[in-house]
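Report on the following structure.
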Amino acid sequence: MTLKKGGLTRAVESEGSWQLDRIVTELRDIRARWRGAQQRQTECGAREFPSRDALRDIAEALCAALFPMRLGPSDLHQESEDFFIGYTLDAALNGLLHQVRLELRYDARRANTPQTEVDALARAIVAEFALALPELRALLDTDVLAAYQGDPAARSVDEVLLCYPGVIAVIHHRIAHRLYALGAPLVARIIAEAAHSATGIDIHPGAQIGAGFFIDHGTGVVIGETAVIGERVRLYQAVTLGAKRFPTDEEGTLQKGLPRHPVVEDDVVIYAGATILGRVTIGRGSTIGGNVWLTRSVPAGSHITQASSQHTSVLPTELAAS
Amino acid sequence: MTLKKGGLTRAVESEGSWQLDRIVTELRDIRARWRGAQQRQTECGAREFPSRDALRDIAEALCAALFPMRLGPSDLHQESEDFFIGYTLDAALNGLLHQVRLELRYDARRANTPQTEVDALARAIVAEFALALPELRALLDTDVLAAYQGDPAARSVDEVLLCYPGVIAVIHHRIAHRLYALGAPLVARIIAEAAHSATGIDIHPGAQIGAGFFIDHGTGVVIGETAVIGERVRLYQAVTLGAKRFPTDEEGTLQKGLPRHPVVEDDVVIYAGATILGRVTIGRGSTIGGNVWLTRSVPAGSHITQASSQHTSVLPTELAAS
Amino acid sequence: MTLKKGGLTRAVESEGSWQLDRIVTELRDIRARWRGAQQRQTECGAREFPSRDALRDIAEALCAALFPMRLGPSDLHQESEDFFIGYTLDAALNGLLHQVRLELRYDARRANTPQTEVDALARAIVAEFALALPELRALLDTDVLAAYQGDPAARSVDEVLLCYPGVIAVIHHRIAHRLYALGAPLVARIIAEAAHSATGIDIHPGAQIGAGFFIDHGTGVVIGETAVIGERVRLYQAVTLGAKRFPTDEEGTLQKGLPRHPVVEDDVVIYAGATILGRVTIGRGSTIGGNVWLTRSVPAGSHITQASSQHTSVLPTELAAS
Amino acid sequence: MTLKKGGLTRAVESEGSWQLDRIVTELRDIRARWRGAQQRQTECGAREFPSRDALRDIAEALCAALFPMRLGPSDLHQESEDFFIGYTLDAALNGLLHQVRLELRYDARRANTPQTEVDALARAIVAEFALALPELRALLDTDVLAAYQGDPAARSVDEVLLCYPGVIAVIHHRIAHRLYALGAPLVARIIAEAAHSATGIDIHPGAQIGAGFFIDHGTGVVIGETAVIGERVRLYQAVTLGAKRFPTDEEGTLQKGLPRHPVVEDDVVIYAGATILGRVTIGRGSTIGGNVWLTRSVPAGSHITQASSQHTSVLPTELAAS
Amino acid sequence: MTLKKGGLTRAVESEGSWQLDRIVTELRDIRARWRGAQQRQTECGAREFPSRDALRDIAEALCAALFPMRLGPSDLHQESEDFFIGYTLDAALNGLLHQVRLELRYDARRANTPQTEVDALARAIVAEFALALPELRALLDTDVLAAYQGDPAARSVDEVLLCYPGVIAVIHHRIAHRLYALGAPLVARIIAEAAHSATGIDIHPGAQIGAGFFIDHGTGVVIGETAVIGERVRLYQAVTLGAKRFPTDEEGTLQKGLPRHPVVEDDVVIYAGATILGRVTIGRGSTIGGNVWLTRSVPAGSHITQASSQHTSVLPTELAAS
Amino acid sequence: MTLKKGGLTRAVESEGSWQLDRIVTELRDIRARWRGAQQRQTECGAREFPSRDALRDIAEALCAALFPMRLGPSDLHQESEDFFIGYTLDAALNGLLHQVRLELRYDARRANTPQTEVDALARAIVAEFALALPELRALLDTDVLAAYQGDPAARSVDEVLLCYPGVIAVIHHRIAHRLYALGAPLVARIIAEAAHSATGIDIHPGAQIGAGFFIDHGTGVVIGETAVIGERVRLYQAVTLGAKRFPTDEEGTLQKGLPRHPVVEDDVVIYAGATILGRVTIGRGSTIGGNVWLTRSVPAGSHITQASSQHTSVLPTELAAS
């Protein structure tokens, strides 16, 4: 064994210590430089930002409250179902209130909004979200049913709820989307990313998705912020509903918030690996084949396959991004 | 900062409370509706369904018992290897027995099978599974070796066992497949999904896979329920071995259980992103290139690349799904 | 319910026991066979291999020390930032020292290197790594900024740090790459796989990546060991920077360590699903379109789309692998 | 440093191993001997005995359900108090049911009672216990009030509930006593010992204690199985209400269950270190001084001090034990 | 086995349910009655009281910060000692601030003090406490030394710090006493009770104790609120320094805060089981024998034994309590 | 509410910071002073001392291995009893080896013993201890039987093992005593203190105790280092077997290791609160009454009560300590 000593020059000085003082000092200088460059006010002492771990736990608690006998604790009995839901919701909503408050305060610091106003808004957002939970559960029931009916291999709605990553992703999305719509986009995004990490399905919380939505397998699916999806739509793994982007010779300062992702109408099926880019419309009842690359609208009832799409849509200067 | 108050109308009434009673009641009504629609007998008090968390832990314990010095606890010594295996197996098998019993009882409720019969079957399934563990370990040794030999970057079989997501996915698959074959398909599916979440590799527990199987990188791989894979097969990331599905103008009620996924014979290599759909056969020793889209059988020794596949296989009315 | 009893023959003998003695004995025999086949010296009592769990925790601690107010504990205050960093680093570096020592000893056993020499080298590697942390943080600041500027949807650098899987993957890569370069490739690989599992982004720790690197969405990205990436490069999901591999009629014994992955020069953008294979060079400022399949070099300023790439690069005998 | 090697003779043989096989075998032989001597049927596979850890947690959950805003979780809000209680009770009662069942089955094995009968009894015991919880809380309120009024240093009833070990001991006692009375004496005893370990106060679950009971400081207090304590009684640390026992020249086979501990009537105060032995009666409103040794009854309104007690009660042949 | 069914009458109605609704309702009514009786304002939603668990952890963190290499984490190195202390203190002090705030707000509610004033006071108390930590450590060093010198069996100061419950009790007392003196008596009391539970030593946080204090064995020691103990005092197990209390024919409303516990001057030794009651003074350098009962002052240099004490101090009408 | 601001003077300067730098610096100075005073070599980086938490866990694991079906995990089955024991012992013995090594190295540092010699001794001690475990279990069986026979309230040997603090204390003592005898007195002491904290029973690991030993209730029992206890001895709560100590006008340098605690011969019973001091002998078969104070030997068959003891043994100049 030849010991590679190249590159280990500085460590020789250390003699059994890590030179922590030196490292800590250098890191402090770099942080100071960074904060200076970001015009960050450093006087604020405590961490002022929502927490990934907290929001992951809150999202799990909400899932458990929505589907107590399937996603709740394994020792739950129906006699205490409502007790469990009430207690779990209270804890989850208070936790969520804290996280939403952190997000709003973070924004408000730049805007000089008074803290009491911010806190009242946070409370209103979470209270409104809480009242929407029953609708949300009713909507999710249509998704579970769609998954059950969409996959002939599914043996029961319970299996679907427990085993299908697409269902987990959709539950998280519907929670996140509601929070996004109510004015907590960062909290929503963190919840969406928790689902992304667990399922490989990346749905931006801004995407609007109708009832009876089902994603099978799911790994690699990406759905963009302004996508609009109708009812009873079904996607397979690695489908992208993304944005087109133009070459760098343009101004480069894209306008935010403009609709830039596809509109997918009711009863559309999109097979694995298909990529649909830009504000195009996939007409009601269409079927998009696997690996299809599509950057134009198609009318209702279209059946698009790889071959047909390539002849018509790929132009040399067009580039795709989600 | 302009406070968005639109959509926060209902929350105004709440005045410092979450209106939990109202939410809990509405959720109860929706659950009752759902359970009514599913003809679910609600008299059963306790949760009657296998647990994801429990099965994930059981699968990990089985991995540790199969490869004690690599996947077992870091403080394990060879002197107590057998003690560790025996104790760990006992706990894992008893846990598994409980989960299999939950699955069988769930099915039996519809079929009015007496509980003693169901419990005896659960015990027989787990006992048989336990006796199969040595074969399973022997089989997995061929997979580990295949991974080691298949990747020139691998420095040791130990590295392969610890670092390769494909190996983790295959260990879980071989466990899940055995349980599937013995009659516990739901438990098997939950174990498969645990591996899917951790590795991005989605292998249905029904898939039959021969010795010496290796998946490199792995994210996005999907292997369907009736796929049959020979010995010494190698796959790369984002490979799909899926089903073809026909347009909706057909009857719509697909027959379950029919062979609908590819047969991949011995010594085949399938490169990243290739998609193979339907009950086609990839002949022994063939090589399928990256991104290839293939819906027909190819004879032994074929070398298929993207160009060659496209000219021959993509027909306008054919649609792909796994 | 018809009880499937086929295949449950052996279990009948068990009568309420799992026959643990038999299973443990058979597993021992199989392990002995395997160890024999691997010429493994079995006299060594304890586990002699780095631990995935330990390294995942160490990597998280390093992330927290590098970005204390974002990735550190949620109750951290700026007054104790340096205290937190110093203490966390000390614990993480001592843990890392232990893991690097395990790796080096494992290698040294074959090479008969004296243990004191090995331990001194382990210490030197970790000390050098520690001293590099400030540079590493400065480099990561450019990545965070690139992510913020590269995605018009990003609202703040803080959001980028907390929500973007690509950023998590890059932090882990820069840690892993440094350890790889200093001589701890196995420890580096385990850290890289932790990020792969969490994000679906698979970057080999050997890959060289310049400042200002950004991966958006990320699921399915694969970057190979000898890839070289310039400054300000941007990738989208499912991009592969892989190796080409030649058919099996060759000798089959590939030379390790040879450059076999792409060189991507400064300011290149590669859109989702693009696959670039072999030691080709993507010239400075080029844009590679979505789903493009590319196995040749392109000059600076190229704009490659799916159509243009397919006409020129796909040859029947060429096969792709990462 | 002189290494003491005497007594280390056997270990010399071990050479880096613990000789686990030998130790395990010897331990098995000794267990077999013990089980033989205890006429223990060894065919029963699983542990058939209540669990200390489980019962400690159950007792804590019951405390939390009885005093939710003080002994419940720190993030509890009044809006979800009832939800918390309902859910916590359900989990605790189901856990308790399991433990009571273990106790009854253990007894029943000797008595050959059918298991269904035993399980029905277990359920009846726990259901009855559950219905008694409101009375129990009302009784405990008198204890809390007594503690608050009995100690001029107490600032609030909340402080009393949170800080006084005597109050913790009494809550556990009232729970344990109820279970003892309903027919689960072993489960009751385990709960009592959990309080003993935490507070140093040892109250046998059989002891009958009236409302408004208060123990100050408490370490070393022992109250025997057949003690009867009236209302508004106050004890200090190291008080013993024990049994007298007679010398060994008697038959030695004491009759179980006979009243053998003191009766303490209403409004009695017993100061620190006092020892009262045998089935004597301390008349209503009496005061027993510190360190007093008392083995005779005293009429209502007595004031007993160390001096007075010693002149009258200590006889040479009398021996004390609790 | 005869099933005791007496007393199980109510449970018969339950039929597989716990009647949770009924129990929850009855408990709510009782709580309402209690809160009414306590004139408790029920409108306050959240728990407004310090937490035992939180304070136990805070006290442990302070112990670790005071003696990092002995009571800190076992993987601590001297290089990061100061980092550890700084970070641990910051977390502990912020936690303590929260608990002190809860105490002050609880008091303030009755007194209608504005919350900002209360919060400023909480911060001042904790800041002052923090600045006192170095003195506190210096004082504790004298206690450790006293323990080491006072017990010939002690082999090192490190053993004393790790093994002696008396030392653990004194560390907690000095922390609690400081908080008591600064105006957080409830927080102080909860910390004292944590030590009481772990060691059986019950020191009221109000007690004033000089340097070089040592308690050997310790179980059953009780030291009252207004006790004053000089320097270099040594106590053994079951020593009480309590209050005398007068019979009930008095008014019954004792004046709070009056000195009512002993003054023990410098260099006194009090052996096991001794009881000293009332505002008496034990003169400098005295020795009080085991089991001595003492309710009068003794001059400096006294040697009191059981016999001598009984002749002089026990009067028929005197009763002892701490 | 009058805000007490006295004593809060220093905190005024702090202005929202804890002045951590100042506190950390002052604490460092005090530690340096202390280490200087203790002639402590500060160059040693890591903590070099056994850990209370680790030893408490090790002792619990040993208890579980000795009584697997009662003190082991609640899901243990007899089929895997030996596997559990073997694995648990291996982990516990390796953990113990580490702790014993820490103790010996700590001692060796002063004595300049070479580390290899020290480590060999540590291994020999633990190996010898391991081989003694079967004898230890056999001995403990006599204790369990004694407890069962000694308390007419005990319903089964299982109840005794699970509920009696005296039994827990004796198991820990027999473990600790063996380690003490083999040369690990500090490790032994830490284990003894773990039992002391849990049970209130303080047995020095040096005490020699014969078979069939039983302590009932137990709180406050103290047994000194050189005590010698015969077979079938029974103690009740608050019994002290201590040392006499002489007044301070002597030289003050007591000789260590001299026998200074009582010898209690076979079949002795000592009732609650009795105190026996000095190297006296309690003759075989004697009975010592409650609260007896005894500082002289008594012949076999004595019956000592409080009255008889006081007339004969208390001399004015005699002082008691354990």
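Just so it is clear, A, B, C, D, E and F label the chains in written order, and each chain counts residues from 1 on its own.
Please note the rule applied: a contact is a pair of C-beta atoms (placed from the backbone, for glycine too) under 8 Å apart; a residue touches a chain by one contact, two chains touch by 3 or more.
It should be emphasised that the depicted structure is a prediction, and the values quoted were computed from it without experimental measurement.
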Exercise for review: Based on which chains touch which, give the shortest step count from subunit C to subunit E.
Suggested key: 1
Review point. By label order, what chains touch subunit B and subunit E together?
Key: A, C, D, F
Check your understanding: Looking at subunit C with subunit F, do both copies bring the same residues to the contact (over half shared) or different ones?
Key -> same
Exercise for review: Could you work out which chain's C-alpha centre is the most distant one from the centre of subunit F?
Suggested key: A
Point to revise | Chain centre separation (subunit B, subunit D; CA means) in Å | key: 51
Study note, to complete from the structure: Chain-centre distance (mean CA atoms) for subunit C and subunit D, in whole Å, is 57
Check your understanding: Which integer distance in Å separates the CA centroid of subunit A from that of subunit C?
Key -> 24
Review point. Among the residues of subunit B, which ones contact at least 2 other chains?
Key: 16-18, 20, 24, 45, 75, 77, 79-80, 82-83, 85-86, 89-90, 200, 219-220, 238, 273
Study note, to complete from the structure: Within their complex, subunit C touches subunit A through residues 65-66, 69-70, 72, 74-79, 81-82, 85-86, 89-90, 93, 107-108, 110-113, 117-118, 121, 123-128, 130-131, 133-134, 137-138, 141, 152-153, 155-159, 162-165, 181-183, 198-200, 216-217, 219-220, 236-238, 269, 271-273, 285, 287, 289-291, 303, 305-308
Point to revise | Contact footprint of subunit E on subunit A as seen in their complex | key: 17-18, 20, 24, 79-80, 83
**Study point:** Touch list for subunit E against partner subunit D, complex
**Key:** 1, 3-5, 7-12, 14, 16, 18-24, 26-31, 34, 38, 42, 44-47, 49-54, 106, 185-186, 189-190, 193, 196-197, 200, 202, 204, 219-220, 222, 225, 238, 240, 242, 247-248, 254, 256, 273, 275, 277, 291, 293, 310, 314-322
**Study point:** subunit E to subunit C touching residues, read off their complex
**Key:** 73, 75, 77, 79-80, 82-91, 94
